[in-house]
Structures are given as structure tokens and as C-alpha cells.
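For reference, the structures are reproduced in the following blocks.
Across the two complexes that follow, chain A remains constant while its partner is chain B and subsequently chain C.
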Partner chain A sequence: MVRISKNMRKNWVVCSLIVVMMIILGGCGSSEKPANQGGTSAGGTAKLGVVSYLTGAGAAYGESIRHGLELSRDEINSKGKVKLELIFEDSKGEKNEAINAVNKLIHKDDVLSILGPTLSGEMFAVGPIVNQEGVPIMGTSLTVEGITEIGDYVFRNSLPEFAAIPQSIKKAKEKFNLKKVAVMYSDNNDLGVSGFKIFQKSLKEQGIEIIAIETFADKNTDFSAQLTKIATLNPDAVVVAGLYQEGALILKKAREIGITVPIIGNNGFNSPQLIKSAGSAADGAIVASPWYPGKDDVKVKEFIAAYKAKYNKEPDQFAAQAYDALQIMAIAIEKSGSTTDRKKLRDTLATIKDYSGVTGKFSFDEKRNPAMDVTVLVVKDGQFTELK
Partner chain B sequence: MDFLLNPYYLQIIMFIIINAILGISIYLTMATGQLSLGNAGFMSIGAYVSALLTLKAGVPLYVAVPVGGAAACLMAAVIGIPTTRLRGIYLAIATLGFGEVVRVVILNLTITNGALGLSGIPSMSVMLSKVFTAMGLAAGIGGMSVRQLGNISVIFILAIILGFLVFFALRLSTSRLGRAFAAIKADEHAAEVSGIDTRYYKLLAFFMGAFVAGIAGGLAAHITFYIGPKDFAYHRAVEILLFAVLGGSDVVWGPLLGSLILTLLPEVLRFATEYREMIYGGILVIMMAFRPQGLISEDTLGFWQKKLMSKSEASTQGEISRRTTR
Partner chain C sequence: MFWQQMVNGITLGSTYALIALGYTLIFGVLNIVNMAHGEIFMFGAFVGLILATKFNIGIFGALLGAMVAGAVLGYLMERLALRPLRRRKVSELAPLISTIGVSIFLESLALRLFGPQAQSFPGVYSTQLFEIGGLKISAVQILILAISFGLMLVLRFWLSKTQLGKSIRATAENIETANLLGVDTQKIIVLTVMLASALGGGAGVLVGLAFNAIEPTMGITMGFKGLAVLILGGLGNITGAMVGGLLLGVAEVFSVAYGVSSYRDAVAFGLIIVLLFLRPQGLFGSQEQQGGR
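On to the complex of A and B.
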């Protein structure tokens, strides 16, 4: 018994020593970052919190958002009208983590407002908390219904699907004379399901018949069963609601088995990655988006050039929307004239109108959703081009 | 005082208590040596049932949460009765499969709103704040706002539930039932030969674990405003198992310590930003390498008891003898 105890004690000591060492090591890793001042920010620097999906399966989204925000922050700070400090917190795409992150940002860092979180499920969990505390929060990547209904302090600058999808259906109908379509959607993804519902509604409104509804799941790799069935029905177009990972595979398979009709996607298709993974099969993919990299606009061109110079990568819509979100926030902070008054910031944000950013002309509507122009894009020769 | 009342810390305490309750749920099934990975599934049933009852039917919370637990228990019967014959890894796989089935069913039902999840679930702290406001405490008491008061009462309620469960688990370990559990855990055949109805006791432990997990799910749903099928995916099942594996499953204090550490660690490590997950994983690996039996085992308790006793030699001889016979 005594020997066991001794052994055990040794193990305990080793164990706790290593844990302490690792924590110290971690501390060294992060010490290069500027330390927080704590309390209310002095000297006109507005502290903004960011909750984003920085580690885990969806970290690519979080990274784009982070890059967009950092680029935006540096530009704003160099202009010098307002000074912004961003505090990033990881949510891992989990709602409990997101709740802890916003609580930390509000109650420990005392931030003026919050940007994020990345997923709508996270927003449904953190929105009520943030709203209750009277902190303005702006989603930069949330496209499902019911986000701003959470409360008066909840904003988003990402175009909801219910505004984007009808446009792409309408345009595609005009262009390709659609009569009957087949629909596929990811049934274990909130974006897929909500995208499907909106597709269904707007197809009905346009008087287009749905001849088949097929489902798949995220992380599926084989779509031959669904697509073979669809191919025999000869639809005028295939409508897909899901993310780009599955979207690219669907495009590939569809072209492989001889489906040549246009494939209309939801917001998930709106990524350069779709073209990268599907290659030439991506041609004919249609998506409606406020972000159009090929737009003949100085702001867009400058943004793409600056982004490429800094990160050596093409910006996607998440980066563009995050970039604009911070610009909008900065305008509101400047207008409200305070870096600490959250109520004033909320009221000023709600009045933002006719800001022209990289995602086009932007205003908040009375429900704090964005009112912006949508461009319907089609992939042609490996590039997103405007569908005219 | 301000430090303690910071809603950030209050929220973490709530998560710790919920996870501790989940830790107890896995401890109860593991008390008979059954390795169940279905507790996330039971948790999701409890969460969805009680959330739907309060959202759609307007059932009061104190009814909805126990009903959620009972529903989880009912599902435990469906899965438990055919699978009690399974042992070890086979049971783990069957229950893991069960958890996934529950998740997929939730994903495809209309009432659960599929992948979109349920939002706007009435929150316990908001409800309690309203009660306090109705009681004429809108301005709060003793410098506390109504919202803080609400949060603290939630923690208080959760702590009472946890306290009761710990008490129950402690009493259980010295009862006839608990000894039967221990016997089955030590050697199922020997236990059966000595006249213990192993099937009955194993099922009982399974049900108790499911019920407690269901309660934890219901409570979690009413703390976080939103539940979605993603919250109960298999990583959740593994996380619950980790509470017991890391803390030790011999005594009830093990899973409690495990849940405390595993809930606090990600928050404590927030300063490490990108390195957070790496450090978290590293700590788990090291802990397992040096303490494969978990942080707290019966030996640990005995060791500290002895140590404490030798220090308090002044205490009466009677008390010591009472402790040693334990």
C-alpha cells in the first residue's frame, strides 16, 4: 500500500509539473500579442470582439473572416478617423464555446460591440444573451432566416438566402426557360435545409415544377445514385442546396454522367474553392451573390489586390463580407462619436444607408437585414462571371 | 464580489455543473462496468423533449425537465433490454450507434426542426429574473441586478440537483444495490454465481444513467436558448466518456473532477489563442500516460485520508476507527 502511494505521488507530481509547463509555454506563445488594457478603452480606441470558427472542421471560413477583418482594421486605423482594436475568440463552431466567448468579450474585455459568430446555430445561442446585455452584434456570414428577429441589437451584413435565392431562380428562368427542375439538398446541414425550403418556395412562385427531390449529407462523397435518377428525368436544371465541398463533387459527377444543364446553387456555391475542386465541371454553376470579384469597381479591385498582397490568396465572400462589416462598424462608431456607448452605436448602425463597399451598395433595412443589390453569377471557363 | 458575479464566470459555472451531472450519469452506468457511449443520445432526448414541451405546449419547466429525463429512460429501455448481453467494446459500439440513430432521427423530424434546431427556448435565468421582478425586486438587492440574481438562482438550483445526485451516488456505493454493482464490475460471472441478478442490476444502472443524462440535457437546453442536432454528435458522447476516463470512474468524485477540469481547461487556455487546442490535447495525452486509471481512484482517496488522519492525530480515536472501517 505504501509503495503504491509513493508511486502515485510521483505520478501526480510529474503530471502537474508538465501541465504547468505546457500552460506557461502556451503563455509564451501568445505573449507577443499586444496586451489588453482592460476596462474601458482610452484614447479613442474602440474595442471590438470577434467570435469566429477558427479551429475545427470549418476553420477555413473563420480564417477568411479573420483575414477580411484584419485587412479592414489596418486600413481603418491607417486612415486615423477611428482607432479599432479587435479581440478574436475561437468558437470551434460549438454553441457552448460561442456562449463562453461572447460572455468573456462582454464581461471581461468590455467590448463595444461584437462581430460574428460564424454559424447561425451559434448566433441563435449567443444572440439572446448579447441582446439582453445591450451589446450590438453583427453577423458577417449568417444567411438563414430568423437571425435579426432575435432582438434589436442583432444585425447582419450578409445577404440572407431568402433575398438571394429568388433572384437566381428568376434570372435562370428568364435565361434558360426553366420548366421542370430536380432539387438536391444536404439534410444534415442547417444551410442546406433552409436553402432547400427557400428554393422550394421560389420555384413555386416562378411556376417551375419540381420533378425530383433528392437528399444527401455533409461529408458524402458518392452522389451517383441521386444523380443517375435525376439524369433519367431530363430536368431543365438541377438545384443544389449545400456547401461547396459536396457541391463540387456533385458538379463533377453530374457532368461525368452527362447532365449538362445548369446547376443552380445556394450561398454554399459561392466560393472560389468550388471552381478549384470541380475544375472544368464547375462551368454552368449558377449562384446569386452580392460579392462578385470580377466587378468593374475600383473598390473591389483595390480590395482584391490588397488581400492578395497580404495573404497571397484570392478573397472569398466571407472575407469580403467581414471586410465590409468592419467598415460599416467604423462608420457607425465615427458617426456616434463615442467608443464606449453601445446604445448609441446600435442606433447609429440602424441608420446606416448607402454605404458602398466591396459587396456593393449597402443599407440596413428596418429589420437590420442588409438591403443590397444581387448579382447572379455563372461559372464560365473557370471564372465567376455575371449571368446576363 | 464583482469578480464572482461576472456573468462570464457564472455561465462557466453553469456549464461545469451541467457537465458534472453528465459525469454522474456516465459514472452510474460505469459502476456496473458497462461502457456506454449513448449518454449524448439520452441527453439529446431529454433536451429535445423538455424544450419541445416548454416551447410548443407551454408546460412549466419543473415538469418538462423530469419528463425529458423519463423519456430518456424510456428510450434506454428500448436500447438497453436487447443490449445488456453485450459487454465492453461491443456495448460501446451498440450505444454509440444508438446515439447516432437518435441524432439522425432528430435531423429528419419536422417537430425538431431538423438541422436548423430549436431556437428561442425559454431560458431559466430569464424566467427567474421575471419572477424576481414580479416580486418587486426589479432594482435588485445588495448591488446585484435582477439578471445576476437570476443567474445565481439558476446556479443554486443546479447545485442543489448536483448535490442531491452526488449524495445519491455516495449512498448508493455503500448500499446493497451499490455492492451488487461493484460485484458485477469486478467479475460478472462470479457475481452471477453468487446469486446476483446481473441482468436486472445492469439494466437498472443503465436506466439511472440515461435518466440523469436526460435531466442534464433538459437543463442544458434551458440554459442555452438553442439546441441543434450538432450539439449531440458523437464528439459529445466521447466528451462525456472523457469526464470519467480522465477523472477516474471508481468513485463519484472522479467524473466530477474530470468534468470540472475539462470544462475549465478550454476557458483557462483562451489566452493561448491558436495553441489552445494543441495544449488541450497535449494535457489529455500526458494525463492519460501518467494516470491511466484516472486522476482519482479509491487508492487516491485512501492515500489522502491517511495523510489527513496522520495530521489530525489530535482528533479522537473513535473517529479514526470509524473512518478506517469505511
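On to the complex of A and C.
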């Protein structure tokens, strides 16, 4: 190796960092092809595209969604009323990847409709494009406000946070007589920020004082500073808006440093993985959910049994919602009587009412958001149970 | 609360320092920022986890196993991704890019092998709490601190006093001269990369124990923090890596404790920028001798 002068070495480090940044930011670019109406497919099989978070930090969500969809597809195909083909695309949780994925699905694969993407932020990026192309798109895991306002072709079957959170706060107040709480939220995640705003609003409505607001970021692992601070304030409960990975770590750390009060989470807490990761520390976690695995309902029990048999693990909310989404899609395709007409599918989807699925009774409201029942759950002895 | 937060900060800081040590060693000798270090760290964490949960061999066994795994990965990386480039005398940027390639490969491999879910060590290792005058310190926190300071002292002694350490320093100083003087630089380079990677693997287990979240992308954020510490402490300086790591950790924790938690990283990295204005060569880097080797 040749000897390098001091200045060159410095430049070299700067260059290296620039290259690193470029690689991180890079990976853009999309193929453009003129839009054509109506997905084409052979033999009456409806081609559906799926954009999901299959690799990367949130891959656990994408995996549940894919399992739920595949299980649902196999059941629908075996019934034989409609035949579905699913084409999976990985968004890696990134907006530009999601845009590339929908462009490919619409222009190359010519799909009838799209399910996904996984994150609300991704939908805000791809929704306008898909809507403009006149392709119906249904989110199965999006809970942020303003999703279906993107356009008439945008649907979701996941319960928005603004419908779920006020219920959990109300129930928790009745039960634990909350007066002052500390709030923590993930400030680099649309779900965390929107969850925080809704928590703030419903806490105010219930006359509960917020004594501390702390933030963290997705992928953080150290919450000791925030929780040490919160512990000294002695709140009646801790409210957390974020995803389960961080949620579980917060629960563990909080219990470790002696915070024993209930911890109320947003939709991100609603996963068996939360309990699995946090162990006994998960006891006392509260979340409002349309999906309740302990529900006394044949459909729910059958779904859990089939899911366990196929994937050897418990389904979570994401799997359940994805499962229902494809069932709803299949009903709409059957009713519309066409596997190629996107406009007809949209119009039929919008009229879906009183479908009873594994996440309960389901209808689309006039804004293509779901209207469904909510159960407030609390973790007790490592199980989600109804908070009564 | 102040002292409790101090303990939190030092724990976080010593994990940063551990990771920065590996960067520093490789930079010192090879002049390469090893972008795959974070992923070797992640692999170490997983190997430790598997040894601890599947084979039940206790925490020190897991630590040792992770270090061996790290060293093996380091060896492979040197043979497959660095040495071929060194022979051809290509641009200085090439090894950097090739280590980025290694890092992406390892991350994808880990996703395949271990799945995307975050996993954690069994509770027995992390739940032992000691109360000292109202301070809660866990056994893991003490372990991390002891191991990282221990490693730093051993490294310093080894580099300055032993024959092998002297060869490493000679290679770092000037590879051609070292060669002329009879140092087997090829061997020294392999050894350094393996040593740094073993440190990375061990750090993975300790960080996994401290924060309970082992997953395939954990290397990225930790890797960047390690890079920041490398620059803060002075490129290629071992004491700098230690002090810089602790400083960054404490700064992060205190900006949460006495400020606004949203500005955690902004405060910590703002501090680095200010420090670099005052001392562009880093805290312990000397002006004359680049990297203080």
C-alpha cells in the first residue's frame, strides 16, 4: 500500500462517509409504462398484488400479513367460487421501494387490485399513484388518520386508532381511576406520532393530566433514561404509542426499575409477540383491539387452529386482519362478477356490509373505513384477557 | 435520579465504546472503515444467544463462542473481501464498498437464518439487581463495564508491550517498512481483523444482554454510533474510543433526563460537532502522528 499524506486520509474519510450516505439514500428509480385499464388474467383467476414489509426491521409484521393472506387464499381457492393469485412484493418498509412495487404490480403484472402496504407512511406515498391509476387498494394494517382520504380507490379493513384508543383510555380510567399519566411515543413513526396525538386528545377529554411526554425512536433499545425520569414522577399509568418491539423493551425496563402501574399501548401493542418478548413484564399492558384470540366464536377458533397447524405459531392481529381483508376482497370479486374490471370491484367493495370475519362483524363506512366492535384487552398471566 | 441516570449513561456508553474498539483497531492498521463491523457484532449476538439458549453453556461460554464466531467471520471477510483488493492496489474506496457488501450479505443471511423477530437472552442473566445506596445496578451493567475496561487495558498492554503488538503497530505505521524489517504484514493484518471482529462478536453478546433485543438489523444503528465514536475519540486511538463512547452514552442519556427526549441524538451529535471544531483530530488523536498509533 502506498503511503498517503495526512490530508488525503482526511479526504478519504469524508469520501467514505459520502459514499455510505449515497448507498443508504439510493435505490430509487421506477419504470414508467402507459396505464391500461383492467387487469388481464387467464382462466378466470383474479391477480392480486401484495406490497408488504417482508425484510428489514418490521419484517415480523410483513410475515404475519403474508401468512394471513396465504391461509386465506388457500381457503378461498379450495372453495372454488373465485380463484385468486397473489403476487408478493417486498417494500422493505421504505416508501420508494413501495412505489417501485406498485408500479411493477400495476404496469407489469397488470393486477386487479392491491393489498397493503404495511405502514401508513408507505400508503401515503403509494396511495395517490394507485388511486390515479384507478386500481383498488386495501390496507390491512393501517391505523393512522387520513388514509382513505387519499382517494376513492383507497380502502382499509384495519380499525383506525381514532376509533380504538379512546375506548382503552375510557376503560382504563374507570378501572384504575387514572388522574395523572406519563406518555411515551415513537417520534419517527407515523403510527407513534398519530397514536400520541389521539392519546393526548382522549386523555384531555377524560380529564386525565399528562405529567410527562417522552419520545423514543423505532429500533431504539435503551429506554432507561426516559423511564428513570418517569419513575420519579409516580404516574398512575404509562401510555405508550409505538410498535411491539419497542413496547416489549419498554415494559421490561419499566418493570425492572420498579414501575408497576398499568401500561396502556396503542395498536402496536396488539400482538402475541409483545408477551413473548416481554415475558412476565407484559402483565398489566392494556390495548384496545378488534382482534381478540380468546373470543368465543367458531370462526376465530377455526382460524387459530388452521393458522397454528400451518405455521406452528399463534396468529396476531396483522395475520387476522390480512386474512379478513382477502376474504372481503374475494366476496367483492365474486359479487362484481369480473376478475378484470377494477372500477366494478371498487364499487362493489364500497358496498360490503355485515361481513362476519375473524376480527368480528365488519362493514365499510361511507369513507371506506371499517366500522367494527372493539374489545379492551389487558395482559394477565401472559395472556390477553378482556378488561372488565 | 442524577446518579441513576449516570449509571444508565455509562452502561450505554460502554457498549458504544466496545463497538468503537473494533473499528479503531481495523482503522489503525488497515486505514479502512470496516462497514461490516456492525453486522459481525450482530452475528456474535445471535451466536451467543443460540449457545446460551440451545446449549445452555452459561454466559461466559456464550461470550467466548461469540468471539470465536466473530473471529471466524473476520477471517473470512479478510480473505474474501479485503485481501483480493489489497493485491490489486485498487482505489482506496474499494475496500469500503466491499465491506458494505459484506454487511448487506450478513444482514440478509441473518434474516434468513434467524428470522426478523427480536429475541432476547433468558431472564436469569439480566434480572439480578444490586442496590447500592438507592442506586439500582444490574449484574449485566457491571459485567459490561468490567469487560469493556478490561479489554481496553489488555489491548493497550498487548499493543505496547508484546512482540505481536509491536508488529501490529509497525504495520500500522508503515506497511512497506514493516515488511522490509521482517514483519509478516499479511499475517498481522489477518490477525488484526480477526481480533477486531472477535471484539465485535463479544460486544454483541453484551449489548444483547443489556438491552434484550437481538435482531438482524441491530448492527446498523450500533454501527453508526460506533463510527461516530471512532471519529470523536480520534481515528485509530484506543483510549479515544473508550472515552468517546462513554461521553456519547452519557450525553445521550442526560439530554433525555434533563432536556427533551426528541433531541437525544441531536444533542449528542451536536456535541461531537462542537468537539471536532475545537479538536479536529478527535479527543485523543495527535496532530503529528495521525491516529496516535
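The rule is simple: the second predicted complex is superposed on the first by the 349 of 388 C-alpha atoms of A that agree within 3 Å, B and C clash if a C-alpha of one lies under 4 Å from a C-alpha of the other, contacts with A are read in each partner's own complex, and residues count from 1 in each chain.
Convention: contacts are C-beta pairs under 8 Å (C-beta built on N, C-alpha and C of every residue); 3 or more make two chains touch, one makes a residue touch a chain.
These numbers come from a predicted model, not from an experiment.
Undergrad: Output check: A:D190 vs chain B and chain C. Expected answer is one of first, second, both, neither. What do you get?
TA: Once the two structures are laid over each other on A, A:D190 reaches chain B alone.
Undergrad: Quick one: classify A:E161 as touching chain B (first), chain C (second), both or neither.
TA: A:E161 contacts neither chain B nor chain C.
Undergrad: Go through the superposed model and pick first if A:F88 touches only chain B, second if only chain C, both, or neither.
TA: first
Undergrad: Figure out whether A:E256 sits in contact with chain B (first) or chain C (second), or with both, or with neither.
TA: Only chain C; A:E256 stays clear of chain B.
Undergrad: Examine A:E63 and indicate which partner it touches, taking first as chain B and second as chain C; both and neither are also allowed.
TA: The second partner, chain C, only.
Undergrad: When the two structures are overlaid on chain A, which partner does A:E214 contact: first (chain B), second (chain C), both, or neither?
TA: Touch status of A:E214: second partner only.
Undergrad: In the superposed arrangement, does A:K104 touch chain B (first), chain C (second), both or neither?
TA: So A:K104 only meets chain B here.
Undergrad: A:D236 contacts which: chain B (first), chain C (second), both, neither?
TA: In the superposed model, A:D236 contacts neither chain B nor chain C.
Undergrad: Quick one: is A:T228 in contact with chain B, with chain C, with both, or with neither? Answer first, second, both or neither.
TA: In the superposition, A:T228 touches chain C alone.
Undergrad: Identify the residues of chain A that lie in both the chain B contact region and the chain C contact region.
TA: Shared contact residues on chain A: 1, 4, 9, 12, 15, 19, 23, 55, 187.
Undergrad: Can you list the residues on chain A that touch chain B in the complex?
TA: 1, 4-5, 8-9, 11-12, 14-15, 18-19, 22-23, 25-27, 29-30, 33, 54-55, 88-90, 92, 94-97, 99-100, 103-104, 106-108, 121, 124-125, 127-129, 132-133, 144, 146, 150, 187-190, 192-194
Undergrad: Over in the complex, which chain B residues touch chain A? Could you list them?
TA: Against chain A, the touching part of chain B is residues 6-8, 11-12, 15, 104, 107-108, 114-117, 119-120, 123, 126, 147, 224-226, 228-231, 266-277, 279, 282-283, 286-287, 290-291, 299-300, 302-303, 306.
Undergrad: So in the complex, the part of chain C that touches chain A is made up of which residues?
TA: The touching residues are 1, 4-5, 8-9, 11-12, 31, 33, 35, 86, 89, 92-93, 96-97, 100, 108, 111, 115-120, 123, 127, 129, 136, 138, 174-176, 207, 210-213, 215, 217-218, 221, 231, 235, 252-254, 256-257, 260-262, 264-265, 290.
Undergrad: In their shared complex, at which residues does chain A touch chain C?
TA: The touching residues are 1-4, 6, 9, 12-13, 15-16, 19-20, 23, 55-60, 62-63, 187, 214-217, 219, 221-222, 224-226, 228-229, 232, 245, 248-249, 252, 256-258, 273, 277, 279.
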